[in-house]
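Two complexes, one shared chain (subunit A), two partners (subunit B, subunit C).
Here is the complex of A and B:
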């Protein structure tokens, strides 16, 4: 069942490549169907999922390369379920809001599908090496997507992204290898490693590598500068995927492997992590205020909002971890919405510059509905009650406050700063008298913006509705994760009694 | 049936929300052929329905004990969100008042915004507004109240920014959102700490917790200050008062609600928080301090305004300052009474002012005059509203202030001085505005002004009648003391202060040159008041400058230091590659030497510990 989630997109990617070139719409429609199908399967899984159990569910295990300790081992738990669903949803949105006349559609959609498969695989993998493979699988397609379909400085941005993420990959691989070697286990299976115990110094060293590795992906200050560049140069659908899903690989990895496998080092580092979270939040928010490019502003706001997740992970209480998972979903939906909208504004006006655009709410000649949705998204991001952003942040703060009161309060200043920069955005771009860059040869009285079709609005509307629905009924997201996140912090020994490893312990291999 | 209506009182705010949702097809432009009016009718219908439902519920509450309705929203980990809704005569009555004023303001808006293309959007926002306000009235959970206060912040932002194409409106909307947001974020910090400390966020549980709570003085002080920050922003109290003045750029029907019940909602929350605030004497003292500063300061500032709506708006801050003082001294009765009386009279004053603004196309007091003969109904409304606000005739304001005077007659006597001063200054201001608008010879913009259309006149006259009948209602609700308990000295002081104020206002030499010169004081002082003590400048050079400097600094740091290092590393490695390229010379001796040195270095490194 879980394999389908990975292999349907990959098979479709091959099919897309085989599409005859005269079928212009073929690749897009095929991708929509394939991702729709995986989303449907995910929903099916959601309703078969047992939210009470803390055991990995729908497990699949096939031997792959025994000598390496690499097993094809997939399973789903409350931590990965919301993220898998989010991935399917946002990939669908990304495919849907791709321009109809995108150049080289076969390659484009093929790469998108591979990313989807890679990310899903990383969320499902219960073998460290397998996780690493999937983690790397999304790297090259994303590099190509930025480097081929990006903006004017795409080469720089794509290379920067590639180098950063490759370093992140090396560090993570190193940490995983060290983990396996130091514990002396011959397999990289997650549940096996979970029951090993390392001395604190070794844990701390591995933890350091993991923190930097995943910190690049999240991204945490000061490893973040690839993100604004990548966002600015990437096309809209890629930004949606990047902010909505790919960043979550970092926080997911920290939770799963940092907190899950190295609890002692985690406890040691936690106060520093909380402080780091505060720095990330305040730094990201402050920098966002000074940005002139809408996309850059949203990108820096991502840095700030991902910091909340680190705070929650550091606090490590049942509530805060639940909040962390919820904040991942919330940030995925909200930043997805914001990027979709910025994309529409850019495609209609040809600019994202806060100093150029004015008064886009104008009812006849502007983009009133897009502006309304933008206010909607911005308010969700600023933590307006009734929307998903508020309740997720509240749970994060409420869970973290008993452990790190000062850091939590400082992070809340970040939510205040969020309203500052997003309000500036709305006030400048959407309020005031209409003003857009006009092509040189056209008299300004004749210039009208291209009409916004319903197909431009549909993905944004979908996300906006989800943001409110989950804001009013957070239970619909939270219930799947609660037992898993609670189990994550209980000591491994406790889990061991409930969760006996099911995979056969492989014979010790002398060398890898 | 009646019990059912009572139990479902929480539907009343939902009616407003439903009305707002029903207007969506018109406000987003899906239905254009019918014009925006049907949206308004939907909203009016839903609000009337709410009013009716609320009325039956209110009648029920009068002869029943207060009830709680609990609603389980979310239970996660160790956190339980159970919302409580309180059905008492006070809470349901407050909700009913909100709905009534909202209905009147909506009918008024139908006339005021008759030609506005965005009528449907306005009504959508009003429905949303009404829902949030009604919800605050009956909510008995701090979490729910906080959420609704934020909804109120959002809808205030959108209502102030209703005419978003004008530059003044844009800044006004921004300031309204940000100043309130500052208060809200601080309040959220307080809510969060309370949630951790007390375990529950429902008011009854919090009250019980307060009685046994043992907090360190620092924590208690911080908690108290955080809790009063939210209401300070909402009630436009110093130092978060700027927004109310600027918000007068928005449409008048929204100003009616903003100056009467939105500020009252903040104060209402404060009154609900008051039993918790006793944990911190500092917070109570701060309340009194802020209230006093605002009451006197805003009363003075209002006298120097030449904008009709701003002159009235500053006096709103002043009255809310009195409420802050009352809550600080734990006289909730006085606070509620003054909110009630002020809310209705101020709404009436704003209805009158809105009509004047609409028909003269101006808010500038120096351009009006002589409107009394052309707009008799509006004039009458202004007189009644003014009389209801100040303590002179036995209307609402008089009874509220009398309550205040007798509360503070024996203890904290200086507060009576503040009340009397506010009363006198308000009287001066109202008489001054009245003379400028309705008396004298008409100026250019006032010459052709007609009386307001019936859609605006009907709510205005109804509210005038309500204002006149307010003392009767107060008596029916047994809010008034018997004659024997009347403190005659206090009454005398109050009436004299009102009379003196009116006399000074009537005797002031009016200057219509556009200058702020209304009274014989130095120009510098007049400007100080006219520009609201230059608080906005103060903010621009402190908070705003600090945030923007921090933003610029971090952006610079990010661009040149963090990213600079990254680019430097990249550049260095490229350059190193370029440089090493020339080492490929083809001479085997050189290769051998390189290998030798490298192996030697590795050898030294590996055997380092043995040396």
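Here is the complex of A and C:
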């Protein structure tokens, strides 16, 4: 079943490539159906998933290259389930948001489908080498999507993204190889490595490599500089995927492999990680305040909000880890919404400049519904009660405060700063008298913006509704992850006692 | 040498007026928009006029006139429609009335400050408040309050009478257009000018009936007439000066966004920015909302073919309305000129030139330049 989530997009990608060139809408429609199908299967899995169990479910294991310790081993747990669902949802939104007249549609949708398969594979992989392969699979398609369909500086942004992410991949691969080499096991299977124990120094070295590797992907300051450039140059659907899903590979990797495999080093590094989170949050938020480009502001906002996840991971309490997973979902939906809206604003006005745009909430000549949804989105991002952002941030802070009170309080300043920069955005771009770039000499009252169709509004409306639904009913997401995140910080002995695993149980020191 | 000053920056407009053209370019689309919008405006003005006169006559010094917009027909069904806002925005008519009251000007303003009016108003006030000790006591404490209310009611009546005439002009203009008699913008101007001239000396009067006794407030002997005492003050107050709309300008005195000099106000219909139309509660929204219900089919179809179709209908109505108001203004300018504009007498030509420059100086910051843009200009840009 899990393989379907990976292979349906890949097979569809092949079909898309084989589409006759004159069939312009074919690639898009095929992609929508394929991703819709994977989302449907994901929902089926959700309802079959046992939220009480802390063992991986729906496991599939096939030998691949035994001599390398590479096994095709997939499974789903409470950590990966919400992210797999988020990936399917946001990929569907990204496909839907793509312009109908996108150039080279076969290549474009083929790359999008490969990214979807790669990201899903990475979330499902329970073999470290398999994770790495999937982690790298999304790299080249994303590079191409930015380099071919991006803005004017797309070459620079794509190359920067490629270099950063390649370094990230090298460090992660090095860490995985070191882990296997130092533990002396011949397999990269996750559950096997989970029961190995390394001296603290060795754990710390591997952890260092993982932190930088995944820190680039998240991204954490100072490894973040590729992100704003990539966002600004990427088209709207790619930004949605990048912020909504791809960044989560970093935080997922840290949780799964950093915390899951190297608990002693994690405990050692935790206070520094919490401080690093503060720096990321404050830096991201303050930099967002200074931005003049709407997309860059949302990108820096992402850096700030991903810092909350690092804080929660560092705190390593059952509640904070639950908050970390929920914050990933929350950030995925909210940043997805914001990027969709910025994309609509850009496509209709031709500008994202905060110094140029004004009054887009104008009821007749502006983009009133888009503006309303933008206010909705920034309220969610700023942690307004009743929306998903409030619940996720509250759980993160509540779970982290007993362990790192100072760092938590400083991160909460970041939440306040979110209101500052997003209110600046809303105030400048959406309030006041309508102002957009217009042809020289033309009276501004005669310039008419293109109509916003319902197809432009639909994805944003869908995400906005989910933001409120999960804000009012967070349990609909949290219940799938609670056992798994609690198990992350429990000893394997406890896990074995509860679920009677078949793997040999080795003694292991609890994280905290 | 007595020759017109051709170096005047807006001389092109003056030349156009001297050649019998209007301030608005004569194009087929402009004609369609102007006549179509004046038809819907005529329907709306008819309703406004009826209500203003009703309030003046039947809500005289009713301190809490809850049902003043019902024109005497108070029923549960009508109340339901009123609360559901399925109604005419009579608030716009009151906005215009208050704008006239505030800016004043003309014979009506002078008359309402005269001792004659105060004496007449006093009689009516006493009749109305007879036996009402509370209001009489309050009147003693604040003697100007009720008097000012009566002045306002006089403006209700005067504006109602003015719009009665204008409504008829616009509706018959539309009929003439439908019959193929109106084919150009200058013909629209001529038609309006003829209507204004015909009604110029129509008396403006006001009387209320209290306890079956008639109380004159503006008797015919006061000599107030349509053109100088309502039309010209109306154009000055509503077309030119207006008042700043809440939400579009800062009312904070320290922001200095609104001039302290009332005479320098430029918020009237000829100056108003159409883009904020649709904003909640501002007067242009109220009027455009009303007119949208009575658009002739040909104009509605014309709007639907534009880029945003129905979604910016009220802004487009406002822009058409401004075009039509420039036609009315043209009619007023031409009608009030000191000499016929086609005069051959150099002295008269110079007087006309100075007269027109005076008007155009005032219109320099209006939407006049915007309404010059034709569909061809827009396509070229």
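The rule is short, and it goes like this: the second predicted complex is superposed on the first by the 486 of 512 C-alpha atoms of A that agree within 3 Å, B and C clash if a C-alpha of one lies under 4 Å from a C-alpha of the other, contacts with A are read in each partner's own complex, and residues count from 1 in each chain.
By definition in this document, a contact is a pair of C-beta atoms (placed from the backbone, for glycine too) under 8 Å apart; a residue touches a chain by one contact, two chains touch by 3 or more.
The shown structure was predicted, so the numbers you read here are calculated from the model rather than taken from an experiment.
Peer 1: So, does A:486 touch the first partner subunit B, the second partner subunit C, both, or neither?
Peer 2: first
Peer 1: So in the superposed three-chain picture, is A:431 touching just subunit B, just subunit C, both, or none of them (first/second/both/neither)?
Peer 2: first
Peer 1: By the touch definition at the top of the document, which applies to A:55: first (subunit B), second (subunit C), both, or neither?
Peer 2: Neither subunit B nor subunit C is touched by A:55.
Peer 1: Answer with first, second, both or neither: which of subunit B and subunit C does A:386 touch in the superposed model?
Peer 2: In the superposition, A:386 contacts subunit B only.
Peer 1: Quick check for you: in the superposed arrangement, does A:225 touch first (subunit B), second (subunit C), both or neither?
Peer 2: first
Peer 1: Using the superposition described at the top, determine whether subunit B or subunit C touches more residues of subunit A.
Peer 2: Answer, by number of touched residues of subunit A: B.
Peer 1: Check the residue A:401 against both partner chains and state whether it touches subunit B (first), subunit C (second), both, or neither.
Peer 2: first
Peer 1: Check whether A:412 is in contact with subunit B, with subunit C, with both or with neither, and answer first, second, both or neither.
Peer 2: First partner only.
Peer 1: Between subunit B (first) and subunit C (second), which does A:363 come into contact with in this model arrangement: first, second, both, or neither?
Peer 2: A:363 sits against subunit B and subunit C alike.
Peer 1: So which bits of subunit A does subunit B touch that subunit C touches too?
Peer 2: Touching subunit B and subunit C on subunit A: residues 359, 362-363, 433-434.
Peer 1: Would you mind writing out the residues of subunit B in touch with subunit A in their complex?
Peer 2: Residues 28-29, 74, 76-79, 117-118, 146-148, 150-151, 154, 158, 161, 164-165, 167, 169-170, 173-174, 177-178, 181-182, 185, 188-189, 192-193, 195-196, 547-548, 550-555, 558, 562-563, 566, 570.
Peer 1: Which positions of subunit C touch subunit A when the two form their complex?
Peer 2: These residues of subunit C touch subunit A: 248, 273-279, 306-309, 311-315, 319, 367, 369-370, 373, 378, 381.
Peer 1: Which stretch or stretches of subunit A touch subunit C in the complex?
Peer 2: For subunit A paired with subunit C, touching residues are 359, 362-365, 433-434, 439, 441-446, 448-451.
Peer 1: Any idea which subunit A residues touch subunit B in the complex?
Peer 2: 160, 163, 221-222, 224-225, 283, 286-291, 317-319, 322, 359, 361-363, 368-369, 372, 375, 379, 382, 384-386, 390-391, 394-395, 397-399, 401-402, 405, 408-409, 412-413, 415-417, 419-420, 423-424, 427, 430-434, 474-475, 478, 482, 486
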